[in-house]
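Two complexes are shown next, each including chain A; its partner changes from chain B in the first to chain C in the second.
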Partner chain A sequence: MTNRLPRQPGEWIDRERPLRFRFEGEEYTGYTGDTLSSALAANGVRLLGRSFKYHRPRGIYSLANHDCNALMCDGHQTNIRADVTPLWEGADVKAVNTVGGLRRDRAQVIDRLGAFLPVGFYYKTFHTPRKLFPFYERQMRAMAGLGAINRNHPRVRTPKAYDFCDVLVVGAGPAGLAAAIAAAEQGAQVVLVDENPRPGGSLGYQWAEEPQAAGLLEGLLQQVAALPNLEPRLSTVAAGYYADHWIALVDARRLTKMRARTVVIASGCHEQPAVFGNNDLPGVMLASAAQRLMHRFAVKPFERALVLAANTDGYRAALQLHRCGVKVQAIVDLRPGGEESELGPQAAQENIPIHVGHAVTMAVPAAGKVGIRGAVVCLLDAEGKPRTDRGLQIDCDGIAMSVGWAAADGLLCQAGGRMAYSERLAQFVPKTLPPGLFAAGRVNGVFLLPDQIADGKRAGLQAAAYLAKYSGPIPPESCHDGPPPSHPYPIFPHPTEKSFVDLDEDVQYKDLVHSAQEGFDSAELMKRYSTYGMGPSQGKIANVNAIRILAKVKGQTVAETGTTTSRPFYHPVPLSHLAGRGFHPHRRTPLHSRHEAAGAEFMAAGEWLRPAYYAAAGKTREQAIQEEVQAVRQRAGLIDVGTLGKLEISGPDAAEFIERIYTGRFARMKIGTSRYGLMCDETGVIIDDGVVARLAEDRFYVTTTTTASGSVYREMQRWALLWGLDVVLVNATGSYAAMNLAGPRSRQILADLTGINLAEEGFPYLGVREGEILGIPARVLRVGFVGELGYEIHVPAHSAARVWDGLMQAGQFCQIRPFGVEAQRVLRLEKGHVIVGQDTDGLTTPREAHMEWAVKADKPFFVGQRSLAIQGAKESQRRLVGFVLPQGYAGPMPKECHLVIENGQITGRVTSICFSPTLGQVIGLAYVAPSQAAPGSAFQIRAEEGAMVTATVVEIPFYDPKNLRQTRTETAK
Partner chain B sequence: MLTHLPERLSPLHDALEHLHPHWGQIEGMPVPLDFGDPAAERNRVQTLALCDVSALARLVLKGKAAESFLKEQGVGVPEAMFHCLPLPGGGLIARTGSAEFFLEEGLHGDTLPQLDQALGPGRAGIYRVLRQDAALLLSGSQVVQVLLQTCGYDFRQADSRLVLTRIAGVSCAVLPRELNGLPVFQLWLDGSYGMYLWETLLPIVGELGGGVAGLSCFFTSERV
Partner chain C sequence: MKLLDCPYVGVRPLQEFVFGGEVRNMPDPNTASDEEWANYVFNRSGEPGIRQEWWYHLPSGTWFIAERDTLKDEFLRTYLYSAQGKP
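== the complex of A and B ==
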């Protein structure tokens, strides 16, 4: 570890716990507490990655996750952010975007082709010929420089969690610590989050050598420890801000959905780079990165450094480098007046040459561009332009840039805060913040350390006051009272060398100028055209300079130019965290295990799992379904229909309510009878159907379709409230199990298990009875959805298995079979029964669905009546009809949703189709034009691959048109 | 005929059966008394345990006359929405609407049969609602961690009121209560979601160091 410094106060590494690791096949040693990047820097490794587009060499730049120069993979994970990922024992990592290794990357040749790859090149080139686009796309995807996804990576289920607090403080720097302490001291439950593994923020590196800083941090941390209602959460990123102070907190293990009552953002600033030639090469870094290396990880960043400064922070960094043994070759100060604070003379006392009013225009690359060997420095003229005739080259192996800051305002903006550009600070600062949100510290434009502490305390007290936990005086907001911390335009593009604005996407100064010249001259448009700010770092160190460039090109101020929109996520979040532990609720009927035991193949019906059919040994799916159909037609079958919605409607106005809800007539229904109920919305569109059973004068029991129980129940509740009727509604869907015993033998099967009189005259078709089956209270409905004698049996869900088992046992004499949804679809289609949602769509009216019979238009009122009356006066555009294909048809088989075509025009579509084992031919339902709807008419269906199939319209039902099967009597077993 | 079949089965019966419990019975429903290690389960309920209590009898009374009827029958009625009162024998009554009451019988109680008898075939203005819930108990010091992973409601602030919320995407009524001296959260939900929620909660409970517990950890009764 050639570059490791002696022990530094407050260093994060544990020198007692060394770690061995490999990078690009070479073995190294680091310490616990190192990141991958810091450990490599300690070993003198500067080349950490290759750039996204040009494959340029890259090294440490921000060491703060504000750039993606050092993305690595270890065979399992890709895009490991080496700057902030803790080193682990045995790590074996490589850079992600190389061809043939990092040092000998064969793709680095692209850097020389840069002149042929200007911004917009892809958009203009790769759209024609269209047939080649898939090829282009594959190539571009292969070349995209963000590593390859390991498709064999095991699924990681992260335990996503909710959490709650009174005050969430984002950022544990000086302002955040002060804010958290102030709020907690007032009794608020405070959570303090910081992306770093240790608190302190800039106190630990930028201010590390200030005498008051160490004591200050220690004191703040002692106060934190003494407050049990203040919970620090480190290594936790506040990654997104949503409505009502809902913040996504991301740590190594999970995403936490934090609901805070109020929030203090003390997220600080991102240090901003200068733009000059080769400003991306290893050795060029932000001064704060060099400070982090020195003070957190005890790593010497350079041997001979040049500090490019435009603020006091630059001088502070230069002095820190000097004290760490780095030979500071020069401070190049962009400001014509130089440094006003005492740090200027201090630097001079240390014999550091200071070039006031100068700029770096180019980093001189070392061999292979894997580092730098000097910097070209030029005098700035009165307009701030470099005078290339007054340049000099200064030898150095590193350039530390300290030219300004940008507020880390992503969360503030996502929360609805508005930022305004302060010309005095050359920085965006909060202008207005939504209620319950407060900003403190550098993000608030407050830079001096005592001011940051005061500003944090002010924000903490404001948060406590917002929660009515503090009613004392609120200190005035701090404002920066020193020289500007940022240079307004630290941009000195080189005429020949690449000068980067966005390192993530390899966006150069000239790319932005060209974007603006091509008309993409707003911040949002320029971002999308040039892709600046669209890389993994989301423009943290690119946005401000890009806006400055755009402002300059347009001759505007930065304030007039504006900025881009900040959206979640502020930091990249692993997809595994977003996915979390999946919650996909599904419902099972109480008979689920019976179906499993019988070999059911399940299908999803809304949230329910239903048996599609019961697999039989040696039988295909189709054979199994046909056998189930035949069992029902010839003997008996039992189907679980517990998924049907089941609603109880009671009360003095129950009959009136039902009369208004359904299109049919129900008010005079006799107790113990049931009727088909069709429900429309106010536009006359069919929304549901079911059976309406009258159990008592004031008590009805209605069923809905499987997927509509919730929506129908809510709609009924809405109408009950609007109409002010005296009804009580209960959604009993889950409380009742239901099964349909159907087939000519069903009466005989049931007779042995119940005392209910099942004789035809005692319990006729569409009758309803309450009684007991096997001692279990039951409601039995004589319905005929499948077109056979049948009993729909509703029992308490907890007792369903007993009744099912009893029926199956009792039906053994006639080889009763359970049947599934697929067989039921065939059976009901043979009977011509419509399935709402399959044979209807979001526009279907009863007339179109051939269901005028279910609408009693002469009733005083029902929902949708007026709309249907209006539509009735108009000509219908389509009609649902039954159709058959010729006996023995063996051509291409139409499917549901295949189109009906007449003279090249679409006139309808198939809604249901199947082979009827009972009728021995293909039958179906389809929408056709009214002119095609007469029985005997032929129409064309366009099947797969364009085959046209001729179908013939027939009357429905296809099977048992006189309903004789519903009333047949078989008594002998 | 068919006498070997239990009269009732819990919505979670299939999951419980796979755990080979020592069975008891409540109201005709097989219930796990323990899962083979009662002592360990009694320790577990102090840290984190999941228990099926679907077997307890339940009833909802709705309607304008429900409150007066209950008072007539000597049943204390909570005045405020979502407040609960105990029923004799360990049960509870909760007000779930302005004219709606949820009752759960305790193991030692007989309030529900009495009410049922008093109601007879029915009374004007009172409507009986069948409840066939899945009901779960979550107990122990780690319960809140389970709820934080599955629910957007802050149960750390919860008092003894019934909370209607969603857990793992399922509508549930949740009541922080004390049972046999143990602080527990009781969950009621539509039985058709019971298996899903059990299969969702149990791995989370396991990750947090907990597991299943039988009814004997919470109830001691000769009625089981």
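== the complex of A and C ==
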């Protein structure tokens, strides 16, 4: 480890625990606490990756989660961010985006073709000739993207966590620590998050050698430790802000959805680079990256450094480098006035040459561009332009840039905060913040250490006051005093060498100028055209310079130019953290275990699981369904219909209420009877149907379809409220089980189990009785969807299994069969019963669905009445009809949703179709044009692969059209 | 996710609520013209501003009115509906 420094006071590495790892096949050693990048830097490895477009050599740049050219892969994980990912024992990583290895990357030839790849090259080039597009696409797909995905990645479980706190503080630097302590001291439950594995932020590198900072971090951490209501969470990224202080916290294991009552953002700043020729090569880095290397990881960043400065921070960095044994060849200060603070003379005292009013115009590449061997420095003229006639070359192997900062304001903006450009700071600072959101520290434009602490404390107290946990005085906001920490335009493009603005996407200075000249001259347009800010770091170290360039091209101020919108996520979040188990609960009926025991194959019906059919040994699915159908038609079957919505409607106005809700007439219904109920919405579209049973003068029991039970109950509640009627609505869907005993033998089966008089005269079709079955209180409705003699039996859910078992046992003599949804669909289709939602859609009126018989238009009022009256006066576009295919038809089978075609035009579609075992032919329902709807007319269905099938319209029901099997005539036998 | 203050159960996450549309007065179906009726049934104003909206708290089965600034997407207050139409 050639570049490792002696022990540093706050270093993060554990020298007792070395780690062995491999990079690009070479073996190295690092320490626990290193990141991949820092361990490689300690080993003298500077070349860490290749850039996205030109495959240029790249190294450490920010060491702050923005080094998107130092992405690595290990065969499992894709695009590991080497600058922040902790090193692990046995790591075996490679750089992504190389062809044949990092050092000899064959794609680096693209760098020399740069002149032929102007901005927008792909848009302009790869569209003609059109027939070549598949070729272009293959090439582009091969070149685009970074790491390869491991398709055999093991399945990982990433459960989500939900959490709550009074105050969430984002950022554990000096301001964040002070804010968290201040709020916690007032009794608030505080959570403090930081993306780094250790707290302290800039105290640990930028301020690391300051006398005023000595002991400060330790003191703050002691205060934190002493507050039980302050919980620090490290290695945790606040990745997105959602409404009402809902923050996505991402750590290595999971996503935590944190609901805070108030939030303090102390996220600091991202240091910004300068733009000059070859400003991307390994060895050129942000000064803060060099400081992180030295103080966190005890790594010497360079041997001979040049510091490009435009603020006090640069001088501080130069002195830190000097103390770490780096030969600081020069400080190049962009400002004509140089450094005002005492750090200027201090640097001079250390014999560091200072070039005031100079700029670096290019870094001189070392052989193969894998590093630099010098820098060209020019005097700046009065307008700030480099004078190339007054240049000198300074020998160095690294350039540390300290030219300015940009607020890490992503969360603030997502929360609805507005940023404004401060000319004094040459930085965006918060202008207005939404209620309950506070900013502190550098993100708030506060740059000096004592001010940062004070500003943090102020924000912490404000948060406590917002929660009414503090009522004392709030200190005034700290205000930056002194020269600006950022240079307004640190951009000195080189005429021939590439000068990069965005390293993620290889966007150069000239690309942005050309974008603006081609008319993409707003920040959002220029971003999309040139792709600046669209790489993995989302422009955190590119946006500000890009906007400055745009402003300059347009002759505007930065404030006038504006910035792009910040959206969640602020940092990339692994998809595995977002994916996870689906939380779609299925409801099971109380009879579920009986279905399982009988071999049911289940299907989803709305939120419920229902038996589709009961598998029988040696039988196919179709055979099993057919046998279930035959059992019901010939003997008896039992189906679980407990998923139906079951509502109790009672009160003096119950009848009036039902009269208004349903389209039919119910007011004069006799007690102990039931009727079919059809429900429309206000536009006259069918939304639900069911059975309305009258149990008493003021008490009704109604069923709804399985899927609509929730929404029907909800809308009924609202209508009751709006109409001010005296009714009580109870949703009894879950408290009752229901089963339908159907078939010619059903009366016989039920007779032994109940005292209810089942005789035809005593309990006719559509009758309703309350009584007992096997001693269990039951409501029995003589209705049925399947068109046979049948009893719908409603019993309390907890007794359902006893009744089911009793019926199955009592039906043994006639081989009763449980039947599922599939058989029921066949049976009901034979009867021509419409399923709302399958045979109707979001526009179907009763007339179209052949259900005008269920609508009593002359009632005083019902929901949808007026709309139906208006529609009734007009011709409708379609009709639902029954159709058959010829006996013995063996051609292509149409399916639900296949289209009805006439003269090349779509006139309708099939809504239900099946083979009817009872009728021995294919039957179905379909929408057709009114002109095709007369019984006997033929129409064409386009089946799969365009096959045209001729169907014939018939009257429905297909089966038992006079309904003799359900009513007195046949069942009385 | 937003929070909403149900008049019965208090502040709950939006996930527990169902939006019920803007509060609108039904014209008298017996006297309204076809146009008036169609307008009531089909047309909704998208103009931003302060709106009275129906909201339903699903777990407790509560319909109530929320006053919302649709420009800022801020709930201003919530109250139970009364047949007189005023809180």
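Before moving on, here are some points about what is shown:
Here is the rule we go by: the second predicted complex is superposed on the first by the 947 of 973 C-alpha atoms of A that agree within 3 Å, B and C clash if a C-alpha of one lies under 4 Å from a C-alpha of the other, contacts with A are read in each partner's own complex, and residues count from 1 in each chain.
What we mean here is this: contacts are C-beta pairs under 8 Å (C-beta built on N, C-alpha and C of every residue); 3 or more make two chains touch, one makes a residue touch a chain.
Nothing here was measured: the structure is a model prediction, and the numbers come from that model.
Once chain A of one complex is fitted onto chain A of the other, the partner contacts of A:736 are limited to chain B, with no touch recorded for chain C.
Contact with neither chain B nor chain C is seen for A:261 once the two complexes are overlaid on the shared chain. In the superposed model, more residues of chain A are touched by B than by the other of chain B and chain C. Shared-chain residue A:866: touches chain C; no touch with chain B. Contacts of A:243 after superposition: chain C is touched, whereas chain B is not reached. By the touch criterion defined above, A:776 reaches chain B but does not reach chain C. Once the two complexes are laid over each other on the shared chain, residue contacts for A:805 go to chain B alone; chain C is not touched.
Common to the chain B and chain C interfaces on chain A are residues 259. The part of chain A that touches chain B in the complex is made up of residues 159-164, 257, 259, 581, 583-590, 592-593, 608, 642, 648, 650-651, 696, 699, 728, 730, 732-736, 752, 774-776, 796-802, 805-806, 809. Against chain C, in their complex, chain A makes its touches with residues 242-244, 246, 259, 682-683, 713-714, 717-718, 721-722, 724, 731, 861, 865-867, 870.
The residues of chain C lying in touch with chain A in their complex are 1-3, 13-14, 18, 20, 29, 32, 34, 37-38, 40-42, 54, 56, 61, 63, 73, 81, 83.
Against chain A, in their complex, chain B makes its touches with residues 1-2, 5-11, 13-14, 29, 54, 60, 62-63, 122, 127, 129-132, 145, 148-152, 154, 156-157, 168-170, 190-197, 200, 204, 207.
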